[in-house]
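Sharing a structure with you now.
Labels A, B and C are assigned to the chains in the order they are written; within every chain, residues are numbered from 1.
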Amino acid sequence: MLEIRNLHASVDGNPILKGIDLTINRGEIHAIMGPNGSGKSTLAKVLAGHPSYEVTKGQVLYEGKNLLEMAPDERAREGIFMAFQYPIEVPGVSNAQFLRLAYNEKRKHLGEEELDPLEFKDLLKERAKVVEMDASFMTRSVNEGFSGGEKKRNEILQMAVLEPRLAILDETDSGLDIDALRIVAGGVNLLHNSENAVVLVTHYQRLLNYIVPDYVHVLAGGRIAREGGKELALELEEKGYDWITSSVAASGIGASRVT
Amino acid sequence: MSTAENLVSQEYKYGFVTDIESDTIPRGLSEETVRLISEKKNEPEWMLGFRLKAFRHWLTMTEPKHWPNLTYPEINYQDMIYYSAPKQKALKANLDEVDPELLKTFEKLGIPLQEQKQLAGVAVDAVFDSVSVATTYKEKLKKHGVIFCSFSEAIREYPDLVRKYLGTVVPTNDNFFAALNSAVFSDGSFCFIPKGVRCPMELSTYFRINNSESGQFERTLIVAEEGSYVSYLEGCTAPKFDKNQLHAAVVELVALDDAQIKYSTVQNWYAGDEEGRGGIYNFVTKRGKCAGHNSKISWTQVETGSAITWKYPSCILLGDNSIGEFYSVALTNHAQQADTGTKMIHLGKNTRSTIISKGIAAGKSNNSYRGLVKVMPKAENSRNYTQCDSMLIGSNSGANTFPYIEVMNNSSAVEHEASTSKISEEQLFYLQQRGISQEDAVSLIINGFCKDVFLQLPMEFAVEAQRLLGMKLEGSVG
Amino acid sequence: MSLIVKQEGVYQAAFRLLQQRTAGNNAAWFARLRESAMDRFEQLGFPSIKEEEWKYTNVAPISKVNFEPVVGSDKSEATLTADEVTRLGYVEAQASQLVFRNGVLHSDLGSLTGLPTGVVAIDLAKAIADEKYGELIREHLARSADYNANAFTALNTALSSSGAFVLIPKGISLESPLHFHFISDPVEPSAAAFPRVLIIGEENSRATIIESHASISEATYFTNAVVEIVLKDGARLEHYKIQRESADAFHIATTSADLGSNSRYNATTINFGAQLSRHDIAVKMANEGAECWVDGLYVVGGAQHTDTHSVIDHQQPHCTSHQLYKGILDGKSRAVFNGKIFVRHGAQKTDAMQTNKNLLLSNEARVDTKPQLEILADDVKCAHGAAVGQIGEDELFYLETRGIHHNLAKNLLTYGFAEEVIAKIKVDSIKAQLDEAVLNRINARLEA
């Protein structure tokens, strides 16, 4: 589904990603871990097409197509979804209005008929159960005045509505209390199936207790420093990132800027 | 963000000219011109007197060039035509007698004048250059006691009512442009809602400037008697000419005890081209008097057209417990300039006013909010809330806020807030990440920004306004 | 008409006298500067309420009084004693104060022993004549405060004969605040004083200055002060301006600051006295990364009139400005606030905020406020707010439910309203003085 080859990217001329290789197949859950500044959020944003990040080298194929040539909204309509670490507020635009527009854009793209507001309302009501959100959220402006936890739940609600093929969750666990984390993780598990893939970008192992990954990749200094199964996350929890970064430094791989 | 920058702006679709024979007086302005206009309209002596008084006063006044944040070349008031009317029979018994060319024009503008083709809930007075060519649903309205007709007709048919209220809200010597209008105004609409009547349909006037050499000076007077209610809509367009044209209108509203007037405008005069050539100079005086207790006047405006907008729809809150509202969206693009806002003059006790202004400046345009909130000593327990938000699109535009707040008693409270924002790259990316195209994302964000104002518009108008905004902004985000 | 001509005559005569007296001992450029400023004053005349900047403040009362300009030196019998100086002073600045009597510096009444070596704090006229500072002053004097735009600044520039020049060298920090102690001692009827101050804070210097205006007698007099401040890169200056002129005085002041890269200027302006006061404060964010906090508090009653005009001019990107002005009005007093945030073309990433809040204690008081934004750059964060009102009913009720008497609750909340500005003051004796002054004002109202 997704094939990343020797991906290099920089922001404001500073190289962040220095050669990432990663393959993701449908049905899989991948966790991207790593210390602060290792490039994991950058990877998520590059995949979603954030304009501030410049790809300097490498290739990304998504369903056989060149992903890097697509505009962010094209990628979204093709099924890539990113849950933002800091969801953006859009004053004056209601959640329902926004979701219906996004949903219908996708349907149009797939050659399907658009849903009218009433039909969409039913769908939204159904999907909102996934993240235990009540109807009052739908009439409020997108993310405006939402608490941190509400914003994250709203991201998962959007995921539930848009049904992506590839969902990238950027630090979705950060700033969540245990109840919200349980709801968010429950939502993701409910939405995951053999036809789609999930990428979890996270600093902590905690989230992985709720969403169990098939593969764990540890980033350090803009490269994948170590890969393994879910047990790698537990090992990290025990030994900390220093264990990886120091071994990276020792082996001389990309250790220049790790905090 | 540079993709949208190159999108081609959509053409101004109302820019066509109607080829029609007109009865036009020679250009220039003198006492003779004023007499000639009055004569053409067969006006009574008192009306001529009103005009002459205004004209003589106008001669002593100077154009307000210093305080507005506007720059434009000298207007030559002698190089303009003050009366131009499409030639047709003097009195139109029914629509069949209206020149088909005119009917076609309004149809093309989306304002069919045949009642059967219209939206059932809206009565229209169609004004073409200097005259009203048709007013629909007059008879139906008359059954409810509502008078809705052209101003000329009102002077002929309801002289006492017109005399009683004309110039009582905007005196002939109020300001330079109001004095000019009072001297030479040609037509406009008159609405009278009798005591206790809730006007059964929306009343609307559609203004069209067609002649490239003429100015338009319309006059609107709306009187809502005790306990009545009316919602009035106003729309305007003009053909594309390289020359600037002057539009100096006066609108007077009077609300008696417990009456309510809701006045909505979507102003889409020709704005000039990208370089600022041509376009309407829109110098308008609009004012409402809440004369009675518990009366309410609400102005909603969506200003997207005109090369220059100078306009401050205001409320004089004379009656105790009266309410004034001003909701405004002003969008400027390319070389447009707008200096617009409101005045809320609190005179009565427990008076309330709300001002919500949203200014959007794109291209190299300049957009200013100018407002006055004045609470007089006797206006005890009065309240005002003002919120002025500006959005800048691109780094060559300007957004300004000039609020004047004057409070003269200690039981009233006035609150003013203003902010400036832009469409952030992060916001656009977020929406795009959800599959929404950049243009749609921009229009979504702008509509969200203007939501509080659009909510005030009657439904058809709100749709039109949203569409207009999206259209006007195409190509401006980069 | 004749009155105004006569008044201008008074200032003109003083100007001629001053030019004659100083002919030869002054730098030629300074004489020319004064001449040009006098010409400008004659062109402008006293402002009228037809001018937008003076719309709400009528200065006719100033132009009508036959003031006696104090220029060069004040010859009158000195009644100002060291005790008075101490009484009106601040304990933190006892060894770092410049004392001015009717705008003229009296070194004998002050003390500068508390200043670090290298810091210059001398009479402006002397400094101009001193070849060490002449050129530096020429470079900066009357540059920031534009006399072309303001008749009072022009008049001050034309008649400035004394004042202070302060230079804080690179990297130097002042431990104690430097106090500019302006005292009016109007032994002659209707004195008019024109003090002028130029402060240059060099790179990474730090200082706190207090500019206070007070009087030892209740008399009608006229203070027309101009303070210019230049902060070089990384310099920091805290500026407290305390205006406690006599009840019949006229106080017109201009403060103008030009900020270097990453410099920081904090101004707190307190207006208590004078029958008519006007303060124009302009801060130019002329270099990237500059930051300013411009706060103020005006507490007026009776027939007092106070007017503040502030302009924060964001000329360069990445600058931050905050303004908080609060006013408490009683009696038939009137307050004017006109604040402008100006963001020039290209001044991206500007962060500017302005707030003006007014509390009306009396039904005959009047507030005219006009916060303005002029924004010519799109990537900025600018906001302003203005409010005029009374003490909140909810707050009042809350205190009353806790058993606090209605009037006391009202006073407490009024005090709290002022405290938002006062609490930020970092010089203890100023804070204590203002606390007391505010409480006095409120109590006086209680008894009335």
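Remarks
Operating definition for what follows: a residue touches a chain if its C-beta (ideal position, glycine included) is under 8 Å from a C-beta of that chain, and two chains touch if they have at least 3 such contacts.
What you see is a predicted model; the values in this text were computed from it and never measured.
A comparison of C-alpha centroids places B closest to the centre of the full protein. Among the chain pairings, B-C comes first (most C-beta pairs in contact). Taking the CA centroid of chain B as reference, the farthest chain centroid is that of A. Separating the CA-averaged centres of chain B and chain C is a span of 45 Å.
Separating the CA-averaged centres of chain A and chain B is a span of 49 Å.
Centroids built from CA atoms put chain C at 56 Å from chain A. Touching two or more other chains at once is no residue of chain B. Shared interface positions of chain C, i.e. residues touching 2 or more other chains, are not present. Per the touch definition, chain C reaches chain B in the complex via residues 52, 345-346, 348, 358, 360-390. Chain A meets chain B in the complex at residues 48-52, 71-73, 75-77, 81-82, 84, 87-93, 98, 101-102, 105-106, 109, 141, 158, 162.
Within the complex formed with chain C, the chain B residues making contact are 67, 375, 377, 390, 392-422. Residue ranges of chain B in contact with chain A, taken from their complex: 1, 3, 424-427, 429-438, 440-441, 444-445, 447-452.
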